[in-house]
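Here chain A shows up in two complexes: once beside chain B, once beside chain C.
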Partner chain A sequence: MTRYIIRRLLQFIPVILISTLIVYALVFAIPGDPIRALAGDRPMSDAVRETLREQYNLDDPFLIQYFKYIWGIVTALDFGSTFNGRPVTDIIEQRLPVTATLALVTLVIQTLMGIIAGILAALYRDRFFDRFVQVSTVAMVALPTLVIGFLLQLIFGLNLGWFPIAGVNNGVSSYILPALTMAAVSTGILARLVRSELLDSLKSDYVRTATAKGMKRSRVITRHGLRNSLIPAVTFIGADLASMLGGSIIVETIFNLPGLGQQVFASIQGQEGTVVVGIVTLFVLFFVVINLIVDLLYGLLDPRIRYE
Partner chain B sequence: MTESQTSTGLTPGTRPGDAPLLEVKDLQVEFRTKAGVAKAINGLNFTLHAGETLAILGESGSGKSVTAQTIMGILDMPPGKIAGGEIRYRGEDLLSMPEESRRRLRGVKIAMIFQDALSSLNPVLPVGWQIAEMFRVHRGLKRKEAKVKAVEMMQRVGIPGAEERAGDFPHQFSGGMRQRIMIAMAIALDPDVLIADEPTTALDVTVQAQVMRLLKDLQTEFNMGLILITHDLGVVADVADKIAVMYSGRVMEAADVYEIYGKPGHPYTQGLLNSIPRIDDEGGRLRAISGLPPSLTDMPPGCPFNPRCEFATDRCRTERPELRPVADGHLSACHYAEDVYAGTATRTRRPSPTGAGMIDVSEEAPQ
Partner chain C sequence: MHVNKTSRRSRATGALAVTAAAALVLSACGGGDNGGDNGEAAEGVEGGGTVSAYNCEPQFLVPANSTEVCGSWVLGSLFTGLTQTDFDTYEPTAGVAESWDTEDNVTWTFTLGEDWTFHDGEAITAQTFVDTYNWAVDPDNAQQSANFFDNFLGYQEVVDGDAEEMEGVRAVDDYTLEIELTEPFSPLPDMLTYTAFYPMPSVAYDDIEAFEQAPVGNGRYQMDGEWEHDQQIAVNRFEDWAGENPGLPERIEWMIYSEVDTAYLDVQAGNLDILDAAPANRRTTVEADFGDNAQDFDTSAFTYLGFPLYQEEFQDADVRHALSMAIDRELIIDNIFDGAQTPAENIIPPDLIEGNENTCEYCQYDPEAAAELYEEAGGPEELTVYFNSGASHEDWVEAVANQWRDNLGIEDITFESLEFAQYLGLHDEQEITGPYRLGWTLSYPSAQYAMEPIYTTGVSSNYADYSSEEFDDLISQANAETDPDAAAELYTDAEAILLEDMPVIPMWFTNYQVVHSDRIDGESLFMDQATFTRLEQVVVTQE
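The block that comes next holds the complex of A and B.
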């Protein structure tokens, strides 16, 4: 077990190196001069420009730039800074709480709604609630995030006025509509996953055994049926949580949340490679850590899985 | 909450012991399928007494497992439907009993062992926990006490190192050990009736004998009524007291084991016995019963066995034979039971030399 974890942690190194290299290369490949973009319409003296180019190693070949960047991180935990001189770690520190809150609220919403809807649909199979779940989940999965976001803003923000339309000035209630938007697709998938897994499980031999043991129906479902059917749901939730940061780019833009997603979007436009790479590296790190946790959790839930 | 004190709600006037342990009367079970109504059980009758082993013998689709599931009350309904009849446990009809009272008998007084222990045990729960659950739910024992009881049961069914192995999961045991765990779980609360549905079919031949021996020992020890459901004539011969031969959801013949093997009173039973390959038999032909069992959605009129029977007459094709005594304690559902019993029945059709009734083992490769 410990050996397994150590091996997985060591695997993080190449994953992160390769992914940062790719992101770095992509930002590098964006045409145009970032310093000129920074200056905008205002004139900038050649001396200033040369100094900035030097400071950000912009005249070095691509690979040299990349290695200088990695070297800075490894030796001095220096993740670089923006062209305005603001450290990237500073930006992350400021914006991470917004994205983290969004991800957390989304996670709670989709887990609760998805699992409960899935269980009820399975228990009331082919009845009204099941049909309702089947149809509504198709709609949730099929509608683009943008459309869902605007619809929620229109109905619950504008017409009913229950939740703020944009911004983060109203505490957790500011996050409800963005989180609902982000949770829509996953809630739909999760509900269907839990429904079909639970139906399979309820038809299984070991559930029949539990019934033959004289257990109450409720105990048969919770102790014997549900336990097994939630294993794939855990995997899905984990993978989904990891990819949520990517989804935050769209949602934070729709709802004007000052989080990491919005920052990545702005930084790509401003060709600020260090910021993009810094934040994306964080996303990647988060992704691999969550995946490791899910894999370990999987082993706890299903004893048949062994770590070699 | 403990459920140990629960009354079984016996009808006034009947004392346990007056009535047989288990009595199945005219049981009828159907399945609603797209192809029509499949009549899985058509008027099944048998009785079981304490300490008695009844083997229910039959080929696939004869209704053996449906019978077991109906007695346990674990039949999937729908598509299953109990169309009629009674199942009396100590005189009390299980089918008209409220579900909650019935649940309290299930696993406690009437327990069941399934064929495939690997899929029938919960893969994600330790085996000790699964046995202990019986004591916790039905006897209200604390987790620790229940665990001790579970380990005792595991020792009783012969699992080496029971104490250490109680925390292991089903996949960590061999097939024979898994079936022993199933047995430990089923007999945990000292049931009156134990139903074993093909308990040894999934096991190696060497392990089969051990598991059957264990079942027999436990039955004697706890004085249980044992219903052994099987298609294996060999398994039955050693352990059964009585045999009920099922065909198309009906009992064709019922008698004690020596009677059945020595003097079968039904052509179907005769066919089954003849189809056992014998080591001392010269020649290469295996005498199988020709044809296939009738479709449950489309039963032939008259005797369900008539299309395959060597002795069938016009009467067999129109009038259904009732189960009736041919000798003391020997029942048969055949119009010519006495003749078959005495070995004087006249063949109405010849077993054809090429196929029906005869399989040439020397020419046909084993399947």
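The block that comes next holds the complex of A and C.
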């Protein structure tokens, strides 16, 4: 088990290196001079432009730029800065809590709603609640995030006034609408997933055996049916949590949450390579760690799984 | 502002603000001077109250480094330059300088008021300006607006590293500042109202990065705490401000949004007081959503279609005239902008003191004459139209192309939509092969600034590569003219040449629609030529 974890951790290194290289290359490939665009319609003087280009190593060839970037990290923990001089580490420090809170609230909402709805739908199969879950989840999966976001803002923010429309100045309630928006698709998928898995396992031999032995129905469902049907759900939640950072780009922009997603979007537009790489690398790191945790969780859920 | 707000802000927010044709500007600012006595219209709360306003995240909060609207708007409240603009007349009026004088438009003497201090108590003298200006042009400091000083005597030497300080900026005594230019420049007092010319306290030079997080200025308002990135910037009224008409609100809070639609909802819900640029896609619902809580303002934000005159097929003026006459601006404005732009018949914004009755003969829609002219001149049979992407230009550029297709029979029209950085790069390399969209907003209200930086031979923003000796001469003469009326006339003559030669097709001046909450007296709202809502004169009617 320990060896397994160490081996997996070692695999992170090439993954991270390669992903930074690819992201750096992608930002580098965006045409146009970002310093030129900084000043807008009226060109800045050549002297100023040259100073800035030099400051951000923009005149170097790609590999040299990339090497300087990595070298800065390795030797001085310098992750670079935005074109207006803010260190990337400052930005991450300021924005990570926002995105983390958003992800956490989203996770809680989608896990609770998705799993409960899925279980109830399976238990009351073909009854009204089941039909309701089936129809509503299709709608949740089908509606674009943008539309859901604006609808929630209109209904619960503007008309009912229950939650703030935007910003992070109202504590956790600031995160409810954005989290609901972000959770919509996954809740829908999760509910359907849990429903079908549970239906499957309720039909399986070990459940029939347990029932035949005279075990209480609630215990059969939780201990035998549910536990086994949760493996795909955990996989899904893990993968989803990791990809949430991507979803945060849209949601943070609509709801004006100063998180990492918003910054990535702005920095791609402004061609701030080091910022994009810094944040995306963080996302990648997060992704691989979550994947490892998910893999380890399998063992808890299904004793047949062994790590080597 | 170098940046045309319509392109820059919408790049940041994904929406372009457009507003209905408006005759409200005069009534909105009527009766008020720079912000003193508008309070008569409605009862303001005691002390002035707090006003919150939408803003985008500034790039920089150092005066000489700010080239976009988000930062310059904030800086405008934190700092006062040598001169300020009187928004009733768009003439320069006293700032830190009580008066100024020149005999030849080359050497200018500014007499400074003696009561001016920075928010931290440091006294402001002529030396303050000498230090600030020299710091701003020093190439080591890489200030983006450094080239606003390029007609100051000694600028080039400092840029080239041959001198430490500009010869042309001198403190004669504590309260007398002398500015010497390389050539006559009558709009200097106008230009000095611009952000790049605000004074900076000595504390700024010690640690400019720390300074930027909470700039210490000399303006009507002072920072309350630090710049909270991507969230808000709050300022309180500076009670020791030495000017004549202090700010009305006690406190201004700029709430920073990444998405203008969200701010729109927040104003609707009463969480935010002012959104100065209602998004284009809300045009049709503004009246239902806000009723009387919406105001339209004309601005100097000028949109044009330029010609790359370095390409042979556009060198014949008749081709340019025909293309212009084949555009039905009214139709485009009605259909695409819901009537919310003012068709441009001029290059100089009509609200300026030099605004005039020049008529743009070739801006009149006349498809038959256009077709004939185009045919005679042998205009190109295929066109590529250029614009920057992501700034809501697609629809109207396409509409223009359709009209060219219908009216001039140009069958083959393609579009090049590029990211802003790449777009400007193509211009710099002179690789544009067809009409292109660009805009221009007046950083300071002067006819000179509406024309000289874009159309004079060889200047950096002359993307059309236009060159007319007659025009250049008239601009030089106007800049040298000491009598303002005579100067205005010369600028008008210069404009007439542009309208005749048509290096660019004037399209429209953008109207902005400001929406506000019930806490604000709408009559007190005013947006200036550079698209800044003058928050210091807003009357707050409810706590």
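In this section, the second predicted complex is superposed on the first by the 303 of 308 C-alpha atoms of A that agree within 3 Å, B and C clash if a C-alpha of one lies under 4 Å from a C-alpha of the other, contacts with A are read in each partner's own complex, and residues count from 1 in each chain.
FYI, a residue touches a chain if its C-beta (ideal position, glycine included) is under 8 Å from a C-beta of that chain, and two chains touch if they have at least 3 such contacts.
Since the structure is predicted, the reported quantities are computational estimates derived from the model, not experimental observations.
Once the complexes are laid over each other on chain A, chain B and chain C both fit without any clash.
When the two structures are aligned on the shared chain, A:I165 is found in touch with chain C, with no touch to chain B. Of the two partner chains placed around the shared chain by superposition, chain B is the only one that A:M215 touches, whereas chain C remains out of contact.
In the superposed model, A:S204 lies in contact with chain B only, and not with chain C.
With chain A as the corner point and C-alpha centres for all three chains, the angle toward chain B and chain C works out to 160 degrees, nearest 10. When the two structures are aligned on the shared chain, A:Q94 is found in touch with chain C, with no touch to chain B. Shared-chain residue A:L292: touches no atom of chain B or chain C. In the superposed pair of complexes, A:N84 makes contact with chain C only, with no contact to chain B. Looking at the shared chain after the overlay, A:T51 reaches chain C, while chain B stays out of its contact range. Here chain B and chain C are compared by how many residues of chain A each touches, and C touches more.
Taking all C-alpha atoms of chain B against all those of chain C in the superposed arrangement, the shortest distance found is 49 Å.
On chain A, the patch touched by chain B and the patch touched by chain C do not overlap at any residue.
Taken together, the chain A residues at the contact with chain C in this complex read 30-34, 36-45, 47-48, 51-52, 55, 83-86, 91, 94-95, 150, 153-154, 157-158, 161, 164-169, 252-256, 258, 262-263, 266, 269, 271. Only residues 1-4, 7-8, 11-12, 57, 59-60, 67-68, 139-140, 142-147, 150, 159, 209, 212, 229-231, 255-259, 261-263, 265-266, 268-269, 271, 418-425, 428, 438-440, 453, 460-461 of chain C touch chain A when the two sit together in their complex. Against chain B, the residues of chain A that register as touching in their complex are 204-206, 208-216, 219, 223-224, 227-228, 231, 301-304.
Those residues of chain B whose C-beta lies close enough to touch chain A in the complex are 72, 74, 103-108, 111-112, 114, 116, 119-126, 133-134, 137-138, 169, 171, 182, 185.
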